[in-house]
Structures are given as C-alpha cells and as structure tokens.
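What follows is chain A paired twice: with chain B in the first complex and chain C in the second.
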Partner chain A sequence: MLEMVVSTLTQGLIYAFIAYGVYITYSILDFPDLTTDGSFPLGAAVTAVLLSKGCDPYLTLAAALLAGALAGFFTGFIHVKLHIRDLLAGIITMTALFSINLQIGGSNLIIPRTTDTIFSAAPTMAVFGGLSLLYRKLIVVCLLALIFKILLDLYFSTKSGLLLRAAGDNANLVTALAQDKGRVKILGLVISNSLIALAGAIVCHEQRSFSATMGTGQVVFGLASVIIGISLFRKLSFVRGTTAVIIGSILYKACISAALSLGLPANLLKLVTAVLFLLVLVFSGRRGEEIIRA
Partner chain B sequence: MLEIKNVTKIFNSGEATEHRLFQDFELSVEDGEFVSVVGGNGSGKTSLLNIICGNLPIERGDVLIDGKSIAKEKDFVRCRRIGRVHQNPAMGTAPNLTVLENLSLANNKGKRFGLSFGINRRRKGFYCEQLADLGLGLEDKLDVKMGALSGGQRQAISLLMASLTPIDFLVLDEHTAALDPKTAEVIMLLTDRLIREKKLTAIMVTHNLRYALEYGSRLIMMDRGTVVLDKKGDEKARLCSDEVFEEFNKMSIRVSDGELN
Partner chain C sequence: MKKLNFKKLGCFALALSMGLSLSACTKAESKPYVIGISQYGEHASLDNCREGFLLGLEEAGLKEGEDFTVIYQNAAFDDNIAIQIGQSFSAENVDLMCAIATPSATACYAAAEDKDIPVIFTAITDPEAAHLDSGNVTGTSDKLPVEAQLDLIRKMQPEAKTIGIIYTTSEPNSVSAIAEYEEKAEAYGFTIETLGVSAQSEVTQAADTLISRGVDCLSNLTDNNVVGVLASILEKTGEAGIPVYGSEVEQVKIGCAAAAGIDYIKLGKQTGAMAAKVLKDEATCKEIPFETISEYGVYVNREACGTLGMEIPEDIAAVAIES
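And then the complex of A and B:
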C-alpha cells in the first residue's frame, strides 16, 4: 500500500511538468496547444537514444529541454508568422513529431539495466544512496519539480514573465507597450514545450523505456491537472498557480492509480483518463470555452 | 508634427463591395494641438486612427511623424511614440493582473522586457502619486486586480498607462462612449488635465459634439472620408454649438439622400 502511495506521488510529480507546460499555454497564454502529445514523447525519444549511447544522464535532461523548445518554437512560428490557427498549428507539429520521434527512437526503445539513469548515477547515489530505488525516485523527482516550480515563479515575476501573463490576458496591451505579441506567444510555447519534453525525459529515466505512442492523451492529462488544481484553489489567492497544478497532477494520478488497483484493465487507461477529464470539466463548472483563467 | 499625406484607403479592393473611403486624404496636426474629430458612422473617423496607429494598411500615401515616414512600421513599433485609449475600458489594461502590475508594465513601455524583476517596489510611491492625481481614490488599490475595478476606474488607469512614459501622440478612440454620463464627464476632465499637464499632442474621436466643442484646440468634422469642417484657435473658440449641429445635420441629410439613390 505504502509502495503504491509513493509511486503514485512520484508519477504525479513527474507529470507535474506537463501540468506546468499546459498551465503556461492554456491558462496564462490562452493558447490551446496540442503540441504536447508530440513534445512529450520527443523528450523521451531524445533521452532514450542519448542514454543508450552512453551520454551523461543529467545532460539528457538538458537535451530534452532543448528538443521541446524547438517543437514549441515550430508551433509558435507557424502560428505567428504563417498565420495558422492556434489549434491547427499544434496539430501540425504534433503529427510531424510522431514521425520524427519514430525516426529518433524507433517504435520502442528499452534502456538496459546496466545503463545509469538520473536515479542511479554516481552523483545521485552519493547523496541519496542510502535510500531504496523507490524512495530515491520520489526524492529526485520531488527536488526537480520544486526547482522548476521556483524557477517558474521567479520567471513570472520578471518583466518578461509579466509581459507573458499580460499577453494571455489582453494581447492588445502587449502591442500598446510597443512589444511584438507574436514573439511573446512564441516564447510562451517554447517554455511550455521544453517543460513538457522534460516530463517525457524523466518518464524515460523512470521507466527505462521509450515508446512512440506514449504521447497520446498527455494534453488531456495536463489540462485535467491544471483544471483540478486551479478549481481547488480558486478561492485561495495566496496559492500560486504552479503549486495548484502540482497538486492537481498528483490528485489526477491518484485517481488513475486507484482505478487501476480496483482491477481496471490497463488497456482502458486512456478511456478512464478521458472520462475523468470530462467529469472534472463538468464538476468544476468549466466547460472548456473560457479555459481556466489563472 | 503628424502628417497624413495623399492617403487612399479602399476596402474590399477589386470586389463588388469595393468601397473607397479615403481619396488623397490630407491632414496635419501640429505639436501641442488637441484635435477633436466628429462625424457620423462610416465617416472614417476610426479608420483614420487605425491608419495612424498602423492597424489598417493603406493603398497609397504616407503617414509621417516629425517628417519621418512611419507608414512601413508595424503597429507595435509605432506604439513606442503613440499612446492609445480605446472605447472599451477592458482594451487598455490586463484584467487578471493587479493595478501595480499593470502600471509596472506601462512604465516599461518601449523598453526591453527582460529577466529583471517586473515590479520595482521603489516606484510604488510614484504610482500612488499618479493614481492619487486621478482623484478617484485609486491610490490604495495597487494590489487589486484590474478586472475588479469599475469601467470608469479602468478607463482612468488606461489613460494614465497610455501617457505614463513620454509619447508623441495620444490617440483617444471614443474613450468616453462606453461610460455613464457622469463618469464620462470625469474621464473627459481628466483627459483634458493630463493633456495640458504633460503637454501632449492628442487626437480624440468622439460622438459627443459638446465634448468636441468644449475641449481641445481644434475641431474637425468628417463626412465620407473628407474633412467638411476644420476650425482651430480663436475660430474654434467662437464656434457655437448651433453651427456645428447645423453642419452635422446637413451631413446626415446627405447620408440619407445617398441611401435613397
């Protein structure tokens, strides 16, 4: 039982990175970005290949961030410069990424047991070597999620971060401030998708595998986390958006793992994900038109 | 000085619904002038503002500020020197950001939005002063979300934000039209004071003939893309409302004649 709680918590914290990304695009920028389903496995594919080539496990995280940034930039570029509608721009990138991911990692890639991951590499072992793998995973993931939460909170308080928040709130104001709102959008998509690719990278470290289909439904997962988080803490204005979405992500993973432990076949996982999302939308009183204003 | 030279604007060019709004339109505004523009619907008032601000492309002609053409500059580039207040109070501010955050953004207009802290606590005193100057009791609302304020309060802050940094032009696009008469009056007085104190050059489009007469140093009446009345200085001061109304009515009759044909 305890084991299940720990692994659910770990999952929730890993997928919190998707929630961060989706929070930036859907909630702050008001941009329904579907790149997620492609950038998440992209991060995993890049990581899997680098790991199997013997690359430093920590470096793979940076590589995944960069790969995700490129994916986000592409969506932003075709939306802003080629005037493709936001939803379509995301769909185009997502579709293209499916093939790109296959090119990078094949349909499946297993990382051998002998390869070190961020959970078993020497620096991690030096600090947390006394813990079992299960707890080591939790503590490493928890640290990563916290570090990025703090970085994001700091970013939102900078001039650039403030402008990003203004862009989603009232794009017209960005123009009035003599700034290019297209550039602000691209920046938001770059940050969002690099975080989502990082989630894919961490999942790859954790599962020691990559599969081309692992991206399916991730945007739904991210949205559900964000909506659960934001709805729960709507009345408590001192809770930051980033905190709210971490908790949303953990709760959502908890629901899914509860369903699985009650005997739900793993094949029905995405169905449960979708139904749960529907329930969240209905009961939070948000039907998805005005998506989750933070 | 703002110059609009030989501007031609055609809507739906080449289609059956082609509509030529401006043909070789000319207008110049001297530094320090406060121009009120009146005219019926479709007379080209708002299009004129959009052409100045770069929201509407033109077929021919040029727009110059201090002799330099800005016709090829994108809208956000032009905004470095232009402040604009819209009819809808929601257009000028970010509703989910606090008053302080909104003012901090406006304070950085035209500069780089980098990774330094967005809110400079030491500027708080300055913002409070500016808000107190508006006389609407907004000075203790710095940490309130903009969306929680009334339309009039938001419009007053939009006005302040548009003119917080030095600008060459203040563009007012029917900025009192969405407010109740009493609030509109307050905003109008405030506008007049800001323009005088900051010595701004301003263009105000309005449907309110009384405002156009009472405020500003020049009055322009437009009809179907042309200037039909242009009075400034003493001439404008002597202008009485009857004259303007008469001219306005003639224009309205012309419009309905046009529709009959």
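And then the complex of A and C:
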C-alpha cells in the first residue's frame, strides 16, 4: 500500500506544475487564464514527437517550456495589444491549440518502452539506477518540483517578480512605478504556461503517451489545487504560495485515489471526489481558526 | 518552517498508508487471481466488452469469486483518472489488467512497466499504431469491417453516391477508420464526405451541414462523441429522409437502418479467453499476438427501414439479425 502513496505523491508532484502556473495567473495576476487546457497537451505533444524522433529526453523538457511560453505569449499579446478580454483571450488560444496539438502529435502518440525517458535515460540511471522505476519516478519528479519551486520563490523576490505581484494586487502601482503593466502581464502568462507545458511534458514521459484530449479539465484541476492549497494555509502566512499549491495538488490527487480505493460504483467517482474536496476545505477552514484562537 | 510541511506531509502519508494497509489485510488470505478492469467510460459497447470479457473467463472454466476476483474501475472518459486507475492496479499488485479502450490501455501499460504485470486490452482499433503489439501486452482489436459496411450500403441503396461521416478529430479509432473508408469507397462507387468535430456539442451541427450538402446516407464509426448523440442525429436524418448506418448492434437498436458491425460481447469473450490462457500460465502475452475479430454481424432495423420507405434486399434479410 506504500506504493499507492508513492504513485499518488508522484502524480501530485507532476501536476503541481499546473498548480504553479495557475497560481501565477489566477492568484498573483488575477487573470483567469484558460490557455491551460491547451498548453498542457501542447507540452506533451512536443515532447512525444521529439522523443519519437530520438531527441535527448532532457532536451524535450526545454522544448516544452519554450512551446508553453509561446502559447502564454500569444494569450498575453492578444489580451494586452488587441484588447481582447482576459477570459476570451485564453479561450481563443486554447481553441487554436486544440488544432495545433492535433497537427503536431495526431490524435494520439505512444512512445515505445524501448525509448528512453527522463526516468530511464543514462544520466538518471547513473544516479538513481538502484531504485525501482516507481521510486525513480518519485525522486526525479520531486527534484524537478523542488527545483522549480525554489526558482519561482527566488524569482518572486526579484524586481521583476515583485512587479508581477504588484500587477495583480494594484495595477496602478505598476503604472506609477513607470512600468508597463501590459508587459508584466504577458511575462506572467509566459512563465505560467511554460510551467503548465512542462507538466504536460513530464506526464508524457511518465505515461509514454500523448493524447489530444489529455488537456480537458486541467484548468479546473489547477484552480482546485490552488484554492485547496491556499485556503489550507491561509492562516499560516509563513507557508509560501508555491508550497501551498504543491500540497493542494497532492491532496487533489489523493482525493481521487481515495475515492478510487473506496470501491464505490464507478459512476459515483466524481461525486465522491467533490465531497472529499468539500471536506478538505471545511476541515481546513475550521482548523485554521482553531490555530488562531489557540 | 519547511520541516513542518514535511512533517505534515509525512503524517498524512502515514495515515493514508495505515488506513489502506488495514483494508488490505482483510483479503490477504484469499488465493484467487485478482483482475483489474480499467474501462475508459460507461458506454453500451464498452460495457458489452466488459460483460463479454467476464463471460470469456467463465467459458474458460474460471469462476468469479472462486478462481478470480475483479476490481472494476471506470475513468468517466477522463485520461487523467485512467492514469490513476492504472497505478492503483499496479499498487494492488493485480495478477492481470484488462484495459477497455485506448486511453485506459496506454495508462495500464505504463503503470505495469515496473512490475511487468500482463495487460490484456480490447476495443482498440489499431494496436500496432498504439505500440501495444509487443511486450507483456496483448488483446483484441475492434477494427471496423469497413468493406462489409460499404457492401451493405451498396446493396441497401443501389443509387447512392455519397456517404457522410461525422467523426471526432481527436479519437484515434475514428481517424484510422476514416482513412480506410476513403481508401476503399471508390471500389464500391462511393465518395466519402467527412466532417470532423472536436466536441460532442458540435455533432448535431455537423449532421445539419452534411444533410445540407446532400449526402445520400450517413455511416457511423464507433466514435464516442457521435454515438453519444445518435438519437438527435436520427431525428434530423429522419426529417430529411436519409438513412443512417451504424457500426454495431447497439446503434441499430437505437434506430439506425442497418449495420455491418462487431458484436462487442463476442469481442469481449475472445479477450476473456486470452486472459484465461495468461492467468493459467498456458501462454504469456508475448506468445499471443493481438487478434482482430474476423466475423461480423449484419443487423437491420425493419421499423426504421419501413419509415424511410427502404426495402431490405433478400440476400441481406437472409443473413441479418433483426433488432
């Protein structure tokens, strides 16, 4: 049963990249970005094609980051320069990406077991070769999630990062600082979507497959993880946002695992998941207050 | 402060693992094989696959409850849930995974990689393209009998010229079936008018478009999005007075005029028989190549044909199963 926990943690940590991305747009920039449902499979499509062409597995991650950045740039550009409303800008990019993803990867693309992924390539094996694949996946994903968490935390305390945070809280402040708030928004969307595409890339490595429908519902997932994470720790100001959303993501996946292992009729899965979320939120709210009172 | 987070996480993981291991203890002494069935969603054909699979195991002499137990999970058409289902099977150390439809099969196969648990799939059109043709995996393909369908349509409508087909561009099964239709239609004197959609909400609009382009009939694939709203397509084609041909018996029951298609129960049985061989150690997945069903059934719906004023040719009536 430890394995169940390990694979749930692995899933939670992979999808934490979506939570990072949504945290930047929804929570920091106050921008409801629907590009996610397109940029996530975009990362996977690019990765799947590159892997099947024999590209170095680690390089595919960089390619996915770049592809996601382009998607985010496009949403930001049409929002800021062409004055398309935020929600619509995301919808336009997401819709376009559906076709683009089909063009890149087809409806579904599978990587054979003989192809090396980031979990089985020589450098990974040199360091973690002694571990079984299950644990290797956890370690690699955990390292990636931590590296990007630290990078993000460092970035948020740079001048550019502070401007990003200001753009969501008080856009006038950015203008008052003689900075272009449009450019800040675009930058935020670029970072967010490159992280989301990276999530898609890692899923592609882990699952050895890309499917055009894999993006459906990722915005909802991202929002749920961010909201669960943030509300769980809202009374604990020392917990960083990035940490909170990682835990939100893990909890979301744990809820689904729990719902699956309860063995209820399959059609009730989503209902059970919804009830578990509700319990997490209610429980966390109460406990938060208790901590304050004590 | 970071320590605190890990502590919390640790507690949570511990609690989860303790809870789960408790539930595992109760069934520790049971000997029967454990089969994990991962089905992509609830859907008449996919349900029939599962039902047939269990029948196939029974026919091979394995009794549910005595010789094997089943963990059945369904992903509600969500790829991400299919991933978690595969991993939960791997964590439960099932003896065999049965995956119904492509996304579930790829997820199970990925989850089984570590432990090399055998995976038996069904309802996949092109296992070769899905790289599920080598390794500890085998199963059955539900490739459509396209030529038989073209032949059937030609007999039912000797004058017809164009066949309209609606399909979802992101469904691999549909994409490969369309390619086959386009390749073979000419030999039967048809041209194919296709319309790709990306979501179920676009299907009825697509039906309107095809009808207005003057197609002589519509032919269905096993496309989940299209089959899901078949009733409303039939309403529109009924008004326009053109027949719709299905791809399996369930569609004919709903009101398609006729179909040359697969019997998914039969397909499931064939799959179950393969699983039984693997469980009994008579053969490994590597030794059993994937199978494509060679027989197909011809189904007609006399009532639907009557409403459209179509006659059923004698040679078809003789072999067809009426529904």
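Convention: the second predicted complex is superposed on the first by the 262 of 294 C-alpha atoms of A that agree within 3 Å, B and C clash if a C-alpha of one lies under 4 Å from a C-alpha of the other, contacts with A are read in each partner's own complex, and residues count from 1 in each chain.
As a working rule, a contact is a pair of C-beta atoms (placed from the backbone, for glycine too) under 8 Å apart; a residue touches a chain by one contact, two chains touch by 3 or more.
Keep in mind that what you see is a predicted model, and the values were worked out from it rather than measured.
Legend: residue contacts after superposition of the two complexes on their common chain; A:Glu3 is shown touching chain C, with no touch to chain B.
Greater residue coverage of chain A by touch, when chain B is weighed against chain C, goes to C. Residue contacts after overlaying the shared chain place A:Leu163 against chain B, while chain C stays out of touching range.
By the touch criterion stated above, A:Ser261 is placed in contact with chain C alone, chain B being left untouched. Common to the chain B-facing and chain C-facing surfaces of chain A is no residue whatsoever. Here chain A touches chain C in the complex through residues 1-9, 11, 98-99, 102, 106-108, 110-113, 132-134, 203, 206-209, 211-214, 216-217, 221, 238-239, 243, 247, 250, 253-254, 256-258, 260-261, 263, 266-267, 269-270, going by the rule given at the top.
The touching residues of chain B, counted against chain A in their complex, run 74-77, 79-80, 83-84, 86, 90-97, 101-102, 104-106, 108-110, 112-119, 161-162.
Those residues of chain C that touch chain A in the complex are listed here as 1-2, 5, 8-9, 12-13, 16-17, 20-21, 23-24, 39, 42, 71-74, 76, 78-81, 83-85, 87-88, 90-92, 102-103, 106-107, 109-111, 113-114, 129-132, 135, 169-172, 174-175, 198.
Taken in their complex, chain A has these residues touching chain B: 155, 157-163, 165-166, 169-170, 172-181, 293-294.
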